[in-house]
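Structures given as structure tokens follow.
You will see two complexes here that share chain A, one where it goes with chain B and one where it goes with chain C.
Right, the complex of A and B next:
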């Protein structure tokens, strides 16, 4: 019986001209967003690959130089776009694309898309995720708001129940039928995305991406299911189609527009952060005077020199086989990095606290559950961004320390000498490897659970409501 | 007139009785107040951060005074001394934050090459800026249309559906008067709300009382009137309430969500911006190449730009600061065309959006409010130009010490130029936006009136 009700809903939906117009529109937008996303992904990826290649070549082709000059010359780290970011650009437009890596200081990641655009970008970008998260639910609302009210108003509900069908069966039949109609709209776009991915050589045999795409699809199935159940339940609960529609639209606006912004802003108000200038000053201060005022830099340097002389059993720097300058530089870099890491971890923790408010709001609002899940799977969330920053900083530290070691090995009077150009070719360049899905899973647990909780809770509570729904 | 008042007060009684609508209106009021609170605290936070910068600069000077006892080499000071170019907001920024959270509101500067420093980002939570700002402009541009739709989607249709309209029109009342009174009541309610919120925000943000107050109010009023115009137009189609709701929400979706999204895609494709990164990479190459080039070559190129220092002593030393700063500046010079192309590209992007913003009054209203508040891209570019000029004056301050080899004394720190820049409103952009809004308004109402004239109201 559920099957025949589902079939009836499916067929009559397809015959409804309003639905056909709306769904063709949504499908068109989805396909367009997939293609546009793909094109912009490719442009950005190409630009960044070329730029990374350029700076790598530049690094390898340096002339004879002193290693500390090379440490100041430095390098750049470009953030490659993650494989699925063409489906959900997430934070990518608001995070920088490149960071300059040099000795002594940690620079900011610069040149974000948002900085290269006027306030238009703040209306939201037209990505696949945007259509799936905001527009498909609207389509579902328009599709389902009259599911029960219409049957009641035309008196067909009574007829249906007199056939020995329970209200629950009617509800499930409708949910399945609408589900099929929605699948018809969303399916082709996801298939196109999968096909586009498959066409790329680098992704063709990358199981990690395929699992991510599968989970991406599965999360949206749950999300849409939620909206279908919710709309059908509201339609059964409300007496009139009009009030059902207004209620559903109100929920959509609250959940998809107002709450996400409000919680993000509230988080920023509750957990304030310091500016980059303050952070840099604090790092510098602690590095100079020592953490908590212990071991100021002068004392550390003096101790280092003293120990060196003792170790090699000599009385002056001139007799040392190593360059004191290089070793002091290495010690200072290690100390400053340690201080910086603490401050960076503090800052990241504060941001995570700010964002946690939004993530936990996922328990109240399914939109705020699907969003972190979606960007996490697409690799364009905050955790992936921090991972890149950390990788760039790790590389910077390794590079600078390697150069400091080279300087130390040059012995006394290194400042007057240079190292051969071949030295730079032996130094590995920055290569970023995006973390695997298993790494990201921890960050996705809360939103995934929230979404499942919603699905189970809504079906359970909703069917209870439907049991009590008036028939006439 | 008396009949109008009867209808008007009847609407008021209706409204009071409809608990959902009262709830919705109070919700919008609360949300508006939250928007004002958020906007003012965000700008307050930025102001506080800016106020803390002089202390950092002062601390830096104190450190340098111990590190470099008198008489110091100005080259060392220029290298280690950090100063700030600061971008203060207008009081209006609290009402419409625009891009002030995305673009850094200060730049840390040293005497080194400018292009490597000018584009540094500020600590920012990307998840927060992605979600966007919950300021008063957002409430007015995004949410007010929804309130207007909720209030007026069933302007006539509900009367018709409840069978009241035929009774009403049986009285000596014209249909135009009924629609007029209904619209007038809703207009009074929404515009009153917009006025109260704007007034509270202006008082809270302590905006100066000048022509901009009128501009803001005019923009907000016209924008609300535009949405009433759409409701009027849809009412003219004389369909049922569900159709009206779907049509109006559909229009909202198109104007507030779809057109901006599509326009964004179009603008980025039509005006590709030369990559800023290309510029910094090239500048680095030039500057570091300076170390390996013959000193006389570098100095001659520099003297061609600054002939006033040509008579200074020839450099024989292995390293000397004036040579170092000369190739730093030459690095900036070499990427000058790229830097100009980059900012021009950004400006062209912004201008293209402004040219096409008639496509959606929401974009028009948002960009006009941001222009009024001085929080959009042009203001940031103006700040960057101002920071560039500041860097020029810093160089001009240090060059005599470097080239005439004058010792830098501790008293000289106080003579160093400082920087301040306050956003100014882009009034002409706002006025253009206002004009376009007026045209959109005219079109919508003309279409509505034509529709009512073509198809007189059918009571059934």
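Right, the complex of A and C next:
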């Protein structure tokens, strides 16, 4: 019975010109977003790969230099785009793409697309996720708002039920039928995305991406299911199609526009963040308490030197087998880095609290459950961004300390000497490895559970409402 | 004795109106019972109570010995229903509508069988493959009749079924009811059409303000007498 009703809904929907026009529009947008997103991904990825190779080559081809000069020459870390970010750009457009790695300084990740583009990007990009999260639900609402009201108003519901069908079977039949119609709109775009993605060698044999894409698709199946069930239930609950439509559009506006903004504002007010200038000032102030590698008059430097002389049983710096300057630099770097890491951790925690508020709001609003899930699976969320930042900082620290160690090994009078150019070619360059899905899953547990809870809760509640639907 | 259709002190009170007051009625297999009454007399409420679409305030309705309220789904296998204005799915053809409703009732007919039911109901051959959205009211009514006939139900619940049918189609419908009745199908028909009630009914009942005020065998009355009786109760 459910299959018969589902087939009827599917066929009727396909023959409805209004649906055809809307679906072609949404499908067109989805396909365009997929193709444009993929093209943009490839351009950015190519640019970043070339840039990373260029700075790596430049680093390796430095002439004979003093190691500390190399530490200040520094390098750049470019953040590679994640394979699925063309489906959901998430925070990528607003977070930076590259960071300058140098001694004594933890620079922020700069050159985001938003910084370099016009103001239009701030109104949101046309991404697959945008269409899936906001426009497809609208299509579902227009498709389903009269699911029951029309049957009741025209009298077909009585004829249907007189054949021995229960209201629940009618409802499930409609849900399955509408689901097929939505799949017909969304399916081709996801298939195109998979084809574009896995047609490329670098992703073809990447099971992590396959699983991410499968979960991405599955998450949206649940999300659309919620909208279909919700629309059918509201249609059963309301007496007239017009009131059902107004109710559903009100829910869409509340869930997709008002609540996300409200929770973001609430998060920012409850957990205020400091500005970059404030953080830099705080780090600088605290770093003053440590050794200043560039100040030979620094008292702590003098103490370190004294300890070294004791350690090596010598009376003057000249007799030391190591360069005091290099060791001072290493000590200074360790301290500054520790100070920075503490401040960075505090700032990250604040951002995470803000994000957590939005994530937990997913229990109240499915849109706020699908968003973190979508950007998390696409690898364009805050957690993935912080992972890159940490990887870049870890590399910077290792690089600078390695150069400090080289300087220390040069012994007394190192400042007058240089190391051979081949030294720099032996230093590994920055190579970022994005975290696997298993790492990301921890961050996605709450939104995934919220979405599933919504599906179970709405189905259960919906069936109760449908049971009480007046027929005559 | 188990009646195919029975009402025992059946009563329906809406918040603003007493729609049915203590209806007692028994209908046997093969009987055609025609219920006459003005608009709002309670005819449709009675049918809705037999269909299980509204719950009785008191009393009970039975189909084939089963209480409707507690067997709302089970009793549907014994009955077929034709409303006053058959509304079908406009994006499906007449044939597809019949196939859908028949499959929901548990019948998987071949196309030739479906075409035969539609022809029996009087739907023109050229219309069967057309979408119902293009049908006239009479054509939809004929598909509704085909749906009811194809269900092979023990009871037909008809709410003004000939509404919208031309005289020829109405006559054919009356003939169809007679055939079904002879095959043992019980028919409960709410109608305004006194002439049709006399023509096909075995008994007629007159309902006024939710009360069944008179029941007569049609064999004992001619059409004129039935009309006079009806008018008597309506004044």
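Rule of thumb we're sticking to: the second predicted complex is superposed on the first by the 458 of 472 C-alpha atoms of A that agree within 3 Å, B and C clash if a C-alpha of one lies under 4 Å from a C-alpha of the other, contacts with A are read in each partner's own complex, and residues count from 1 in each chain.
Here is the rule we go by: a contact is a pair of C-beta atoms (placed from the backbone, for glycine too) under 8 Å apart; a residue touches a chain by one contact, two chains touch by 3 or more.
On a predicted model such as this, the values are computed, not experimentally measured, just so you know.
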Residues of chain A touched, compared between chain B and chain C (which is higher): B
First (chain B), second (chain C), both or neither touched by A:63: first
First, second, both or neither for A:176, with chain B first and chain C second: neither
Chain B versus chain C as contact partner of A:276, first or second or both or neither: first
Which superposed partner A:253 touches (first chain B, second chain C, both, neither): first
Contacts of A:192 with chain B and chain C, given as first, second, both or neither: neither
Complex interface listing, chain A residues touching chain B: 18, 29, 36, 40, 47, 51, 54-55, 58, 63, 65, 69, 72-74, 76, 78, 90-91, 93-98, 100, 107-112, 114-126, 130, 134-135, 138, 142, 146, 241-242, 245-246, 249-250, 253, 257-258, 260-265, 267-269, 272-281, 288, 347, 351, 354-355, 358, 381-382, 385
Residues of chain C that touch chain A when the two form their complex: 48, 51, 53-54, 73, 76-77, 79-81, 83, 85-89, 91-92, 96, 100-101, 103-106, 131, 144, 147, 151, 157
Chain C-touching residues of chain A, taken from the complex the two chains share: 1, 4-5, 8, 11-12, 15-16, 154-156, 158-166, 471-472
Touch list for chain B against partner chain A, complex: 20, 24, 31, 34, 38, 41-42, 45, 49, 52-53, 56, 59-60, 63, 84, 98-99, 102-103, 106, 108, 116, 119-134, 138, 142-143, 146, 150, 154, 241-242, 245-246, 249, 253, 256-258, 260-265, 267-268, 273, 275-278, 280-281, 284-285, 288, 291-292, 346, 349-350, 353, 362-363, 366-367, 370, 375-377
